[in-house]
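Here's the structure we're looking at; comments come further down.
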Amino acid sequence: MLVNCVAYQNGKKLGDIPVADISEYVMRPECFVWVALFDPTVDEMDEMAKEFDLHPLAVEDARKGHQRPKIEEYDESLFVVLHTLEPMSDATDAALTDGEVDIFVGPNYILSVRHRTQKGFADVRSRCEREPALLRYGSGFVLYALMDTVVDRYFPILDGMESELEQIEENIFVRNAARSNIESLYALKQKLMLLKHAIDPLMEATGKLYGGRVPQVCTGMGEYFRDVYDHLHRIHATIEGIRDMLTTAIQVNLGMISLSESEVTKKLAAWAAIIAVPTMVAGIYGMNFEYMPELKWAFGYPLAIATMVAVDVYLYVRFKKTRWL
Amino acid sequence: MLVNCVAYQNGKKLGDIPVADISEYVMRPECFVWVALFDPTVDEMDEMAKEFDLHPLAVEDARKGHQRPKIEEYDESLFVVLHTLEPMSDATDAALTDGEVDIFVGPNYILSVRHRTQKGFADVRSRCEREPALLRYGSGFVLYALMDTVVDRYFPILDGMESELEQIEENIFVRNAARSNIESLYALKQKLMLLKHAIDPLMEATGKLYGGRVPQVCTGMGEYFRDVYDHLHRIHATIEGIRDMLTTAIQVNLGMISLSESEVTKKLAAWAAIIAVPTMVAGIYGMNFEYMPELKWAFGYPLAIATMVAVDVYLYVRFKKTRWL
Amino acid sequence: MLVNCVAYQNGKKLGDIPVADISEYVMRPECFVWVALFDPTVDEMDEMAKEFDLHPLAVEDARKGHQRPKIEEYDESLFVVLHTLEPMSDATDAALTDGEVDIFVGPNYILSVRHRTQKGFADVRSRCEREPALLRYGSGFVLYALMDTVVDRYFPILDGMESELEQIEENIFVRNAARSNIESLYALKQKLMLLKHAIDPLMEATGKLYGGRVPQVCTGMGEYFRDVYDHLHRIHATIEGIRDMLTTAIQVNLGMISLSESEVTKKLAAWAAIIAVPTMVAGIYGMNFEYMPELKWAFGYPLAIATMVAVDVYLYVRFKKTRWL
Amino acid sequence: MLVNCVAYQNGKKLGDIPVADISEYVMRPECFVWVALFDPTVDEMDEMAKEFDLHPLAVEDARKGHQRPKIEEYDESLFVVLHTLEPMSDATDAALTDGEVDIFVGPNYILSVRHRTQKGFADVRSRCEREPALLRYGSGFVLYALMDTVVDRYFPILDGMESELEQIEENIFVRNAARSNIESLYALKQKLMLLKHAIDPLMEATGKLYGGRVPQVCTGMGEYFRDVYDHLHRIHATIEGIRDMLTTAIQVNLGMISLSESEVTKKLAAWAAIIAVPTMVAGIYGMNFEYMPELKWAFGYPLAIATMVAVDVYLYVRFKKTRWL
Amino acid sequence: MLVNCVAYQNGKKLGDIPVADISEYVMRPECFVWVALFDPTVDEMDEMAKEFDLHPLAVEDARKGHQRPKIEEYDESLFVVLHTLEPMSDATDAALTDGEVDIFVGPNYILSVRHRTQKGFADVRSRCEREPALLRYGSGFVLYALMDTVVDRYFPILDGMESELEQIEENIFVRNAARSNIESLYALKQKLMLLKHAIDPLMEATGKLYGGRVPQVCTGMGEYFRDVYDHLHRIHATIEGIRDMLTTAIQVNLGMISLSESEVTKKLAAWAAIIAVPTMVAGIYGMNFEYMPELKWAFGYPLAIATMVAVDVYLYVRFKKTRWL
């Protein structure tokens, strides 16, 4: 589906143009064309490939989707793959949908193709149009603006993961929470890996857009791409931190499970003793020997009961002291 | 076994040629010869070595087989070892056979030798013959086509592993599934390592076929080999992701085992108490003291029974509340 | 809040100057201006940005805060982000507040912005003013002095963590301390990660301030920045050491929990046997068979009791020997 | 002990020469001398050092032995340390003896010193003498032949470890094999580490014998040393694979132990219930109340027994269903 | 405390000189001065700093002590920090004291400062004086001799750790040794980390004293410093090996604890069954039903006893077979 197809000149919008005119506008040196597609059909992609003269390998990647995040250089143009992550619901621990944005950037065009991604880039376009001074940089600046936006959208997701971890950490030493903790820890790890797979290759690729030899379309934008890199690096570091804590938390959780089992065993042992001792005494006075003098005593029965109670009180106090009970 | 022996000129098939004529065709600068062998005999290999003038170390490697994946440069020619993985059956969790394809590539010849690999490369040949424009690149393009095909065949295997993992993850928090989970996790890990050993060295080697100094036969094909590298990188990243999740899953499984044992112990303790208390009371009234007034009471028996039941009901409710039962 | 705004010439203080005059002093080649802010308002930041002509990306970072530690070069100036860590209370295991200091350094100005940080840098300023020979180096030296101070303030925190670890290590083999140990280990790990996130990126960045190409403002100060780097490296190595020991300690703790459960089970088993055997004997002599000769014996009862005691003494001794009791 | 001392010219054997003549033959440019020692005395080493003019640091290393594998360059000569591993017996899981071969290589001599190594290099010598075309390369080729042989001897050991692992893997899910499995896993890990210590430093060092600047004596042999490197790399990758699987196997084994304990606890609980219920019922009818109407019933006893049996059958079936029994 | 202050010329000792004359001797180009201090006072350090004209940052480091091992270049001089490790007692598992040696090396002076280190370097000095040919190299050679000595002193400590590990490994599969094993493993890990912190940074630093650009004072000594590096590398590899085995050993120990608990539980279950069955039978014949025909039988009692014994014998044999007993 075609979302937008606009030509710009000198940082200012010329207006929407028909798809068929793209190749013509792309020819004009002072112009650039910015097209946005959403889940395009095969025909739409083919038309774009023709109008912009895109490299067949890149087009094939964009058509098949499910690429890893990357930035590839084809002569004068770039092919950028970004992953988008969107929570499926508003719950804190909602699962994430893994979408994709493929961007083709040439000296005077930029084409973005959204797959499985709800949120569009209308805000990016309007922000860019409000800053003609920067938009004059051309497609390189739009690429920056798109990447910056995609990366900035990772932050709330990361924050959500951090609060999830904190929530689990609060529960981790609570008794009887082990099962739900371990489930949450595993679910969090799964989501974290999704984010990691979106971030890590992109960070590596972005590092090549500033310093050293830089692709033509990004020239003069070094500080901007370094800023994107820096955000990616921050996310990366936080991910690694959460991952490390997750591993520790899972181990600690294991320890808590063992500990709680140990406590159950102690309780079991203590109560077993408290019940078994009177049972034994009762068993003894239940024997049928003819000559058992205690049985004849008037106070035999109360004495026996008293003994049982005394022993149990003693045991109970002792177990309480050693914290078995 | 000789599968094919064909000469090409200017991207078009000249026709099948006898093995003895190979060395002659290889001489012609505008020609190239593409030979495919399957589990060759020693004699067949020797003949090929003579016709193509192959390096003895490479021939020895191909003869012995069981090489790690690699790409070695001998003067103007390349020796490439690829691993193939084929599921033994159609089951999701089928074991994998580890085959090998050795490829000798010179400026105007390409020789592929298949070992322990069912699936041949007839489709690669016909695809190449349909694209004379690309086939004109010569042996370098055929090398790309073969590598691309081998690598693409890893994807369904990888997908299979991902679904296996998902299946295990669904079972991991299910009670009483620990044993089968742990067995599946281990089996998956074994298969994953097989794939990892096929991928990792190859990725490293493929990185040397584009950018920087590139072997003669691959010149001008940089973007194609980068595409292969990119696929390998994607597989690699997914493998590392699965590996990480496997480690976590095994730990979580361990936690679930401990947890379930803990639950058994709790149940054991609770029922032990429920049975032991009446036994103790019964024991007491089974004592043979002469003066036990309760024994004479008309309602002694019903009262005793009532007490037992009352205590047990109380215990049952309490254990239910604390989730021991 | 503006803390200080002072101009220096030739290593000597000229005196406090109004904010509006900053841009004028910055013009004079032999002068430099040192400004300190604490939790500035938006207006204060804007004024500073204007007076010092700061790069918009850096200013935006400083305004939003929560940056990872870094050193960024913008033409002739540097933007440095440091994290400060301050214990919330005087307790050994007090949690840490994570503050931030953003420093803008140009050829003849230095601007430090403190966020969420109690302790200021008044001592740095007075130390610098006491050493005019060094202060003559200009803003580069002040940058060193600030970084050195921030880094030196990590040491007591690190020492605190080391003593915490030692304290836990002393308790780790003590019985019944497992729960508190595991809680302390986890809390320590959390704090350690905080310190790690402050140190690691900074170490990487500081490495670029000496040796090789060095930013203009740091020229000639190589040995000083190497000294800062060296301190960071020491902290880094200690952190890695603590981290490694923490992992081991958590595992060992897990082992101690299992071990202590094992001991409880042994005790339970031993006492169960000691109680169950007399109960069984008593049960036998409580049977109502008519022909049980022992029941008629005068010494039947004492003999039965003696048997029970003898068996229990034997069991007790044996369990003591095998350390089950 | 002197094993051999032979002079070669143009790839052909000149004949055995007395040790005292070595220095003379070494002088002749077209000649080279190949000496093999086995556990030499101090005097023998000293004589060799004098005849070949060896570097004192290398001689000291060779005398002390217990070096890590390495390849050191001293001006025109090389000092190579290789580790040999030989199984102590024919059993699959036999322990390994860790021997050492020190090789001194100069432009026209090669001296090999074997320590704690049963198997000599007589086969290498005769193989070399059969290939004068290659032996003409001189000492560099002999070095290759020795290294190749030592490395090839690792393969059967590695294969042995792989079969050991497979054997353990077959047992890992077998009940009651946990103890022997864990012992085998640990023993295998110990042996693996021995092999790793022989391989890893050597791989690193061998990488410097081809490509880039290469020591004089190895010039023109690049493809041969790359072949050795390739073998080392393959062993290295296999070791890492085994190591990874070992770690997982130990964890899985731990899980199996927990699982089997869990099963024991379930069985214990089930049987305890089956025995305790009739005991409780019997206890009740063993009470001595005067008014217990059931006791007078003609069918009281059979009914009581029937109840007990019924309850137990019910419990047994239920436990079977939930797999506790 | 001043230990020694000696001037050397041409590799020969000139004689002890007063501290005040140092600066004079240092001036003479063919001379060099070798001073040794032990726990110096502030005044002594200041005097040295003045006489040798040491860099203030290095002097401050030496005064404060507790530096990480490092080698820093200040213009023409080097500042070297080494850690010394000395066992506190003669016991195999004695704790280690962590000392420090700071060495200042200039073109014609060397100053060593020992902190918390019992063993001095008198033997180094006398060894050096016995080899004037080497001592002629000047301060560079003395630096080598000191480093070599410090590094060689690590070997007995490392050997001690290896034997400790072997001792633990022998005990690891012994029953009831789990607690002492785990304590020993942890203590060994602590010592290992101490050694690791002494070795790793030093190895990195020593690598810069040979090959590539080398500090002035070390020129021409490359092979010697490579030898030191090689020793450090060997220690490093051994440490990593021990560390890896320690991790595995701790896991295995955990497995043994679980295993032994499992065995206890089995024993408990088996004996519980053996005692509970007769108790149940006795309970049944202790019931007070009027019509229990068996009670009247003459052989009722012996038969009941016989049944109990038979069942118990059967159970005992069966448990023995399944290894529960």
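When the chains are written out, they are named A, B, C, D and E in that same order, and each has its own residue count from 1.
Basically, a residue touches a chain if its C-beta (ideal position, glycine included) is under 8 Å from a C-beta of that chain, and two chains touch if they have at least 3 such contacts.
Here the structure is a predicted model, which means the values were calculated and not measured.
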Set of chains adjacent to subunit A and to subunit C: none
Distance from subunit D to subunit A - Cα centre to Cα centre, in angstrom: 40
Subunit B and subunit D: spacing of chain centres that average the CA atoms, whole Å: 25
Set of subunit E residues in contact with two or more other chains: 251, 254, 258, 261, 265, 268, 272, 276, 279, 283, 286-288, 292
Chains listed in ring sequence, where subunit A comes first and subunit C follows it: A, C, E, D, B
Of all residues in subunit B, those that touch subunit D in their complex: 55, 57, 67-68, 70, 72, 74, 176, 178-179, 182-183, 185-186, 189-190, 193, 196-197, 200-201, 246-247, 250-251, 253-254, 257-258, 260-261, 264-265, 267-268, 271-272, 275-276, 278-279, 282-283, 285-288, 292, 294-298, 300-301, 304-305, 308
Subunit D partner contacts - residues on subunit E that touch it in the complex: 169, 172-173, 223-224, 226-227, 230, 233-234, 237, 241, 244-245, 248-249, 251-252, 254-256, 258-259, 261-262, 265-266, 268-269, 272-273, 276-277, 279-280, 283-284, 286-292, 323-324
